[in-house]
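Two complexes are shown next, each including subunit A; its partner changes from subunit B in the first to subunit C in the second.
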Partner chain A sequence: MEFHTDSGVVRAVNRVSFDLSPGETLGIVGESGSGKSVTNLAVLGLIAQPPGKIAGGSVQYDGQELLELDQRQWQQIRGKKIAMIFQDPMTALNPFLTVEEQLIEVTMLHLGLGRTEASQHAVQLLQKVGIPAAEKRIRDYPHQFSGGMRQRVMIAMAISCQPDILIADEPTTALDVTIQAQILELMKSMQEEFGTAIIFITHDLGVVASTCDRVMVMYAGQKVEQATTRELFNQPRHPYTIGLLNSAPRWDQSDEQLQAIDGQPPDLLNLPAGCSFHPRCQFVQDECLQEIPPLVTLNGDPPRQHACLRDLSTCKGGEPG
Partner chain B sequence: MTTALLQVRDLKVHFRPPRRGFGRPAPAIRAVDGVSFDVEPGQTLGLVGESGCGKSTTARAILNLTGAAYREGEVYLDGERIDELGEAAMWKHRAKVQMVFQDPFASLNPRMTVGKIIREPMRNFSVHGSSEDQRLEVIRLMELVGINPRYINRYPHEFSGGQRQRIGIARALAVNPKLIVCDEAVSALDVSIQAQVINLLMDLQQKLGVAYVFISHDLAVVRHIAHRVGVMYLGRIVELADSNELYKSPRHPYTRALLSAAPVPDPDQNVSQNRVKLEGEVPSPDIEYAGCPFAERCPDVLSHCRTTPPQLSEEEHRVACLLYEEP
Partner chain C sequence: MQVLMFLLKRFGWMIVTVWIVFTISFFLMRHIPGGPLNGERVLSEAVRARLEARYNLDAPLSEQYFTHLWNTMRLDFGPSFKLQDYTVNEVLAQGLPVSAALGILGMVFAISIGMTSGVISAVRRNSVYDYSFMLLATLGIAIPNFVLAAMLIVIFVFNLQMFPAAGWGDLNQIILPAFCLGAPFAGYIARLTRTGMLEVLGNDYIRTAYAKGLSPRTVVLKHGLRGALLPVVSYLGPAIAGILTGSLVLERIFVIPGMGSHFIEAAIQRDYTLAMGALLTYTVLLFVMNTMVDLAYSIIDPRVKLE
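Entry: the complex of A and B
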């Protein structure tokens, strides 16, 4: 996935592969700007081309190649089979339509509900996501809602047609932890009932730990590690992952300085030679400056992957073993 | 006693919905309903609370940005009352108070390059001298928040969510304000960059004595950055205490429920076990409650909670709950 800009070609996503089984939750974590949103927008055919360009690759859903669909075919899939909770609710919601109009539009189109039925359905959805006085507030416009309420409107919209795949891009950033817990439970019960597969993009490692089966870690447009949640937290193998886990603040502990990964985020117009992470890596060796680390797959069930030339299997968040 | 940098006294902001047809007008949404707090120079007040409880509205009210909404109460900056000032008079205070908005995309002008966006406040308030000095300052700020200065001519839509958020932070820092109101300012950042930005904010506080009102859902982040923390529920402050004290011994049942629901980044630690689950309807801000608005969902509710309104106590560790009031 590339963007053609005045100053050069930004390779926002570079050879990222992953698969998703029914009923599974895949977490995607990674640096801000590492390509998490772009990857998933591309999966849904939502990147404007130009300036964007899909330079190669394939997205298969249920045996169908999504990258070749036309607008009409997308209508059958987007919102109905694959739905997305967007990172930026204010741009994803239409400011000139009431919340009700936006919610019923989706179910009238995809589920063929009548207006009254769709309306009732919409109120129920808003109640499920914890909007107080839903039957009244549904007639408000998005700007009359708080940040977290807007986010919940998007969640309601995305789950309204019980999609097979739900892509959730930072769905709970604007929610307090009690409502967040409620939303996570809602997603889980939907998953159990309908076998929905969920892609969960989040910066909140606590949420990852409590909801995801597997986790993929991205850095500079690439997948640098993938493992089960437990493996990833207990035995991270990529130095970026190790740094990330060490940066997480915990509310149940108080220490003065937070541990950030040293150095600046990479410049996508001008990635360093060799491993993209090497200028910031505490385990760097000569070979890392020349060689691009391949994504190594280790046997296991499910197999885990990492892209690092060093063997960091025996260290936990500190010195190399 | 020194005067606080910011004093908020019994602030109320109500949104009156437009009349629909004939009949009785719909009740107003009491977004903020009697909030008072102080922020000392160089200190950080954290604000946490349920989504929709009025945090952003409080933040906007501090900067006189609540538009046509009905408001009551007083806001003092440096001892001077600012809530009654008009646009023009407020202007001279804008260099002292800056805000980082919750919705980074909506608050960045889509037709301006990042360089222009960060520079605009410097122009408005004529700081950092010549045009060349301003350009250098923009570059320095971009580096500080971890955005490559090569992107100075890019537009907001060309950035990721977290990058936009950092542009908003850089813009707020541009005029060396005395107070920055940060509304979910680091929520879209991965934990490493978040740590970097928080360390930066704390550093600036140490060096320049900036004060912050720091709104966040992330209890861990608030614990790290805030000296004092206020917990809001339905337009009111229900608990206000020193940060460590609040986290170690929360008193209000809502605060306790909130802390118990916070997930910990460790898959082996099961939080759901000791989670205080809140049952019952989320209360609506268009109802005027006779007693405590949390009563319907409170695990420790007493018989008179629904009829007697609790008062925020006057101790160091302030709490508004009848459990702690003398009968």
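Entry: the complex of A and C
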């Protein structure tokens, strides 16, 4: 996945692969700019070309190669089979249309509902995501809603057709803690009821721990580690993951023990040679400067992966073993 | 309620504006050397006195002002100086509908041609359509409408013989002048629509619309067009003013019996009453049009508050 910009070609996502089974929740974590959103926009074929370009790869859903779909086939997938909650609720809703209009057009299209039916359905959805006085508020425009309420409208929109896959790009960032818990609960119950698979993009490792079955960690547009949530938290194998875990507040640690990861996020136009994380890595060795670490797959159920030249299996956030 | 308050406020402003326009032009007209009775013919003293009495020109200026103002408030513009058998109201009643028909059709041409080509240009950016529409738009803006009129008359009237050269009363006779009138505005509107549409299509909410599985057609026309319409609607105010002045020229070329000829003649021949009547009518017209534009803007964009 590349962007052809005036200052050069940005490899926004490279060598990233993941799979997803029904009813599963996959977390994607990584710092800002690591390519989480671009990866998932590419899954839905929503990267504007140009400047974007999918230089190679494959996205398969239900035995279908999505990258080869034509416009009409895409329309059958988007919103119906795979739906997405976008990151920024302030700009993702159309300011010129009422919330009702934006909600009902999806169900009228994919579920074949009539206007009144779709409208009732939409009110129920808004109630589900916790919007008070939904029958009245539904006729409002997005600018009359707060950021958190817009986020909930986005969520209602995405779940309105009970998609097989729900891509949630930081869906709860704009919400306060109680609402956040409600939304997570809602997504979980939908998952249990309909077997929805969820891709959960977030900065919040606490949310990952409580919601995700597996986690993929991204750095500079690449997958650096993937494991079950339990494994990842107990035994991280990539220094970046270790850094992330150490920099996240945890209930069993006091604030003084928090350590931010040193250094700046990498410039995608000018990635360091070798392992792109090496300038910030506390375990760096000579070979890390030359060799691009391959993605190592370890046997297990499910198998876990990491991309680091060093064996950090015995360390836990401290010195290498 | 809000709309009513807005309309009332606008109406108040309109009255004030009309009064100011009236006052300024009343004194300006009488300050310019020459008067309505200094024509080609030399009038005898007796005739002049009788005419001055008839038009109230023998009264002191302040009295003339207040009489004229009072009559104007009663929507009575008085007798025309030059078209001596008619009142100004009669002249307006005859000329206005003609000019209005021409102006409205010109505007319809401008909006429909401009918006359609603008949307196509934006959606098919950098295609042959885009380049040809934008070239035409530039030509439409650059070529003065009397030149365009001359060219079209040569092509369609003399060579193809599709339309009559001039006159009024037939649908055939209105198409060519209305097209010439609308052409530059169609060009502007096409460019504004293209730019607006391109900007709107880059918005996040357009991506959301695609993510819902809507067809490109629905995305562009339902989710994109409204935003792209806003710059066009803002431009309609100045465009309407431009159409009014543009029609003065085109009515002359195509010999159309609208307001245009009266307006120009009245100004040249110091026909005080007719000039005043035409001027005030145009002022009111512009005000009403601009109010409608503002109203339309607030309907399209719910975030905009009328004030």
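What we mean here is this: the second predicted complex is superposed on the first by the 313 of 321 C-alpha atoms of A that agree within 3 Å, B and C clash if a C-alpha of one lies under 4 Å from a C-alpha of the other, contacts with A are read in each partner's own complex, and residues count from 1 in each chain.
Quick note on the criterion: contacts are C-beta pairs under 8 Å (C-beta built on N, C-alpha and C of every residue); 3 or more make two chains touch, one makes a residue touch a chain.
Nothing here was measured: the structure is a model prediction, and the numbers come from that model.
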Subunit B versus subunit C on the shared subunit A, clash or fit? fit
Touching partner for A:D176 - first (subunit B), second (subunit C), both, neither: first
Would you sort A:G148 into first (subunit B), second (subunit C), both or neither based on which partner it touches? first
Tell me which partner A:A42 touches in the superposition: subunit B (first), subunit C (second), both or neither. neither
Looking at the overlay, does A:R78 come into contact with subunit B only (first), subunit C only (second), both, or neither? second
Partner touching more residues of subunit A, subunit B vs subunit C, is chain B
Have a look at where A:A260 lands relative to subunit B and subunit C in the superposition and call it first, second, both or neither. first
Going by the contact rule set out at the top, does A:S32 touch subunit B (first), subunit C (second), both, or neither? first
Under the stated touch criterion, which partner chain does A:V16 make contact with: subunit B (first), subunit C (second), both, or neither? neither
Going by the contact rule set out at the top, does A:L109 touch subunit B (first), subunit C (second), both, or neither? second
With the two complexes superposed on chain A, say which partner A:L269 touches: subunit B (first), subunit C (second), both, or neither. first
Once superposed, subunit B sits from subunit C at a minimum Cα distance (Å) of 7
Doubly contacted residues of subunit A, that is, touched by subunit B and again by subunit C: 88, 91
The subunit A residues in contact with subunit C across the complex are 41, 44, 46, 48, 71, 74-80, 83-84, 86, 88, 91-97, 105-106, 109-110, 141, 143, 154, 157
Give the list of subunit B residues in touch with subunit A in this complex. 15, 17, 26, 48-52, 55-57, 102-103, 105-106, 143, 146-148, 150-151, 153-154, 158-163, 166, 184, 187-196, 198-199, 217-224, 244, 247, 257-259, 261-269, 271-272, 275, 278, 281-286
Provide the residue numbers of subunit A that touch subunit B in the complex, in ascending order. 3, 5-7, 29-33, 36-38, 87-91, 130-133, 136, 140, 144-149, 151-152, 170, 173-181, 203-210, 229-230, 233-234, 243-245, 247-252, 254, 257-261, 264-265, 267, 269
Subunit C residues touching subunit A in their complex are 202-205, 207-216, 218, 222-223, 226-227, 300-303
